[in-house]
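These notes concern the structure reproduced below.
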Amino acid sequence: MRPPVPLTGVIPPMCTPLTPTGDVDTRSLAALTRRLLDAGVHGLFALGSTGEVAYLTDAQRRTALETVVEAAAGRVPVLAGVIDTTTARMRDHAAGAAASGADALVATAPFYTRTHPAEIADHFRRLRAGTELPLFAYDIPAAVHTKLTAAIVLPLAADGTLAGLKDSSGQVEEARRLLVAARDRGLGERFSVLTGSEMAVDGALLAGVHGVVPGLGNVDPHGYLRLYAHARAGRWAEAAAEQDRLAALFALTETGDPARMGGSSSALGGFKAALHLLGVIDCPATAAPQVPLEAAAVDRVRKFLDDAGLTA
Amino acid sequence: MRPPVPLTGVIPPMCTPLTPTGDVDTRSLAALTRRLLDAGVHGLFALGSTGEVAYLTDAQRRTALETVVEAAAGRVPVLAGVIDTTTARMRDHAAGAAASGADALVATAPFYTRTHPAEIADHFRRLRAGTELPLFAYDIPAAVHTKLTAAIVLPLAADGTLAGLKDSSGQVEEARRLLVAARDRGLGERFSVLTGSEMAVDGALLAGVHGVVPGLGNVDPHGYLRLYAHARAGRWAEAAAEQDRLAALFALTETGDPARMGGSSSALGGFKAALHLLGVIDCPATAAPQVPLEAAAVDRVRKFLDDAGLTA
Amino acid sequence: MRPPVPLTGVIPPMCTPLTPTGDVDTRSLAALTRRLLDAGVHGLFALGSTGEVAYLTDAQRRTALETVVEAAAGRVPVLAGVIDTTTARMRDHAAGAAASGADALVATAPFYTRTHPAEIADHFRRLRAGTELPLFAYDIPAAVHTKLTAAIVLPLAADGTLAGLKDSSGQVEEARRLLVAARDRGLGERFSVLTGSEMAVDGALLAGVHGVVPGLGNVDPHGYLRLYAHARAGRWAEAAAEQDRLAALFALTETGDPARMGGSSSALGGFKAALHLLGVIDCPATAAPQVPLEAAAVDRVRKFLDDAGLTA
Amino acid sequence: MRPPVPLTGVIPPMCTPLTPTGDVDTRSLAALTRRLLDAGVHGLFALGSTGEVAYLTDAQRRTALETVVEAAAGRVPVLAGVIDTTTARMRDHAAGAAASGADALVATAPFYTRTHPAEIADHFRRLRAGTELPLFAYDIPAAVHTKLTAAIVLPLAADGTLAGLKDSSGQVEEARRLLVAARDRGLGERFSVLTGSEMAVDGALLAGVHGVVPGLGNVDPHGYLRLYAHARAGRWAEAAAEQDRLAALFALTETGDPARMGGSSSALGGFKAALHLLGVIDCPATAAPQVPLEAAAVDRVRKFLDDAGLTA
């Protein structure tokens, strides 16, 4: 299915459940997909950072994406990450994603290599030229180590290279500048800005973003859907209250001991522990070489779920 | 005067006008102070980054602060930056600021040196122990190169070391985490979070910040005061529209040619060019070794003022 | 062939010549291989950063590696980069490299994702467990954004996980610390430290590194071989003089206009322009989206070659 | 006394001993000065990062500098750091240092503020114009967060603004580029490059630096003097062996627990603990808010001193 223009709503970046031996757990992934669909999400984003795309082999990426596409059954659009170091490699992933049934692609700027705004723009143009699918830029400086500024993104929005931006930079002022400029240029209705700042969704929607891509939406899709509905209805105080509740819940991403593990292990381990505790997935394992959460950390995850009323 | 607890409202970080020879232009600074007071600001922040504190000698800092205090005449509280590399040096500035009549102090974490969260906490406790004045922490990682996380700030809020936080980090998610946690601990009414994210004030107020410290408020205080009033009255759509207008105006900070000058030259030069064009200050010079804006850049500043309706 | 233990000498990280349409130019790559072998290099490193590994598809990587292996014909060991974001993906590359005839593997720490020293160590252990080939760690913080400290590397050297380290960090003090500690632990003769600091090879050899992996060695292998021979013979003044000459020649990596292109475009474009001017490769193109050097930049590359006496 | 041109030799960046209550311990500082002079150092650098300049008030800086100048008694030149955020503040320090009897000044680029190469060059020119004393640039990106590249430094060397560079960047390749270019321009005999890479002094001297500014030289001046003498006599193997010994000793800077303190606390605490154990200074305290070394860390410092033969 063609994604709506502009793409709006709640579009969770899906976790990729794994088996104890590190394979993609297709049963659990399909279950997660159906849970999100039943909650009413507006789209699904497979193979993003939350989906451990950087840890998955090409074969695992294909398995994961096909599982989501099949389980989604056309009910909502499926966006697929095509994350890799540079253009030619991402074009290979794009072809694979199209073959697997993705409805749109999500690509970062080149990374690992030293790049430049002109090269980043050319990169997205080449990616777009190689696919039939709408293309979303993925701004995640914590991973990519460059920032997709408004100056880079706006021309790519204007010429149709990009259908939208997934903004995981946390830099809400640069997002505001982009939103204002895009509206000034008449792009507001065809270029979709999706925020990944999952603890500031209320403000982002107030600023005019079209949708939200919350990792925590794997765990509590209803919360983000309520927040989105409040905002769309102008019930801003209610939106903020819901965001406050979700911000407290987000602490489940920080239960891991930083002396023993990195941020991905703790955050993605927290999401998966929660999904496991909620009975959605069979195994909370993250991909190697991430470090599993210790038992005490899982207990804290459970506590946060209890506090948020998700285990009643 | 004792600042209200919690401190709320619009508290512009004041520019420090200079003469063509680089002295503090006390006439212009007094005029700027009165203009802000007449607009209705709730406080004044002298000697912040926008005030070029890092460029001013100790003597110039004293002159600037005394000028603001005198012009403010007790109508609103005057916060004074005591920015320096470490504790003992900041304590000297704190004593000077108190002697000059400041009502509260604003201090960063140590910088230049390699520090640690435990050292940062001790730093603020030592500062607080050396002064009668309320102390605000100033989180500006772009200058200080460390982040004041919620984990650092909360205990300092709880034990009364800090009266508030000026958050110029741009990291609104960490701010949300802090706001939620502070309310959970019953600190919401005595610990003031002031945002420096001047293009995202609507969302910050929706998230619960107490006030705003906008550099652009030197140029358009009425805009920020309207935005603040809308938000406090729950007129969120109007607040967002005002913020959009101000976000467009903020482009006056980026007229400088990045091949010829740094970000401070462009941003602070933009503010001062605007104040000069508006007739508030006599000379748009920034402190050496900052590079003056070229004439074409000043023309663009004028254009942004026109577009914002400030030159009518 | 099994690489010697420890691996020593000059081991250039090979450029990957491309055709005008972006395919691997196998004729030119074979010619480059033979030129380096005829000069007397002690090993070849294919698919490193200088080889544009981050820009090559899996198919291109295979073509390039097989071309080098075939042209090397067993005269020296061929090291192959298996650069990718994380462990499982690198294991796939490792299997491919082994099938293509590589003699050893070179792998970075995980990147794109947020990692941790314990995860990095586990990553290398898992890589090593999945291959018969000796494994070299590749420390290149400019690309990977973490540093392989002595504290991470030493245990992996001691337990046989790593056969060596390619140090492209530029942090010679950390390298010294590693070298001293490795010798203290009796690892000096079985753990090979190879420096990528191609403008400081004399000092690195004086400090005890085993070999050198200079990108500029594509252009002037004889220079690095002379430098290496001087150092091994204790002719340190002559080594330093040769290094000075090569340091001046290295300026050919910086002819690109930084307003128009990134550092990879300029550096890799400089190497390839030089190889093209020297008649070694047919086309100087770098992989998209890198920006080609302008004609004036190529003229400057030619001038540097002239000055270095390479075009006589 | 006028420093020799170029300045050469071993010029330790002196620690600033403190009393238990945090005052400058002038007795201990004079003792340290005499110890270094008696060892035969070629100059003294007071008020550098190792001297905790960032922690000292203006009054303490003056006391410390006057103590060193008096104890040096004209036997060697005394360089004084004038570290502060920007030009005007550094000019104030420069005037004070000249009044206190300094023979040369050492200044960083502006920090805290966002700067630009053109502004940095102007900064040094303004500093130089305001003083009679020779001016050395201090390149310490870990503190200042910009790098003094060869492109910035060379014109300032050529026009006489700078008498030299203290390179604490650790970027030996950029230093090589500078050294080669300076010699090409005939500046080798009047522009002095001093390395702060105290674990790579042998290679730096081989590359042509004029002198060394080792923090560890506070603890073991004789070691650095032997290393320097070996290098100047062309005994490179002996130089390297001495450097290896000193690199092992440098581990005394890393005994502090990184979970409890920052890098300055550990490194400066290690130097001071060593000086205290050696009977040179009365109290090992570092300036607040640095964290004191725990007893076990001090025991490790003692062990490193024993291993290096300094406690015999």
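The chains carry the letters A, B, C and D, assigned in the order they are written, with residues numbered from 1 in each.
The rule is short, and it goes like this: contacts are C-beta pairs under 8 Å (C-beta built on N, C-alpha and C of every residue); 3 or more make two chains touch, one makes a residue touch a chain.
These numbers were taken from a predicted model, which means no experiment stands behind them.
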Task: State which chains count as neighbours of chain C and simultaneously of chain D.
output: none
Query: Most remote chain relative to chain C, going by C-alpha centroids?
result: B
Field: Centre-of-Cα separation between chain D and chain A, whole angstrom
entry: 48
- prompt: So what's the Cα centroid distance for chain B and chain D, whole Å?
  reply: 35
Query: What pattern do the touching chains form: line, ring, star, complete or other?
result: ring
Message: Per the touch rule above, enumerate the chain pairs that touch, sorted by label.
response: A-B, A-C, B-D, C-D
- line: chain D residues touching chain B in their complex are 22, 49, 54-58, 60, 83-89, 91-92, 110-116, 118-120, 122-123, 126, 142-145, 258, 260-265, 287-291
- prompt: Along chain C, where are the residues that touch chain D in the complex?
  reply: 170-173, 176-177, 179-180, 183-184, 197-200, 202-204, 206-208, 234, 236-237, 239-240, 243-244, 247-248, 250-251
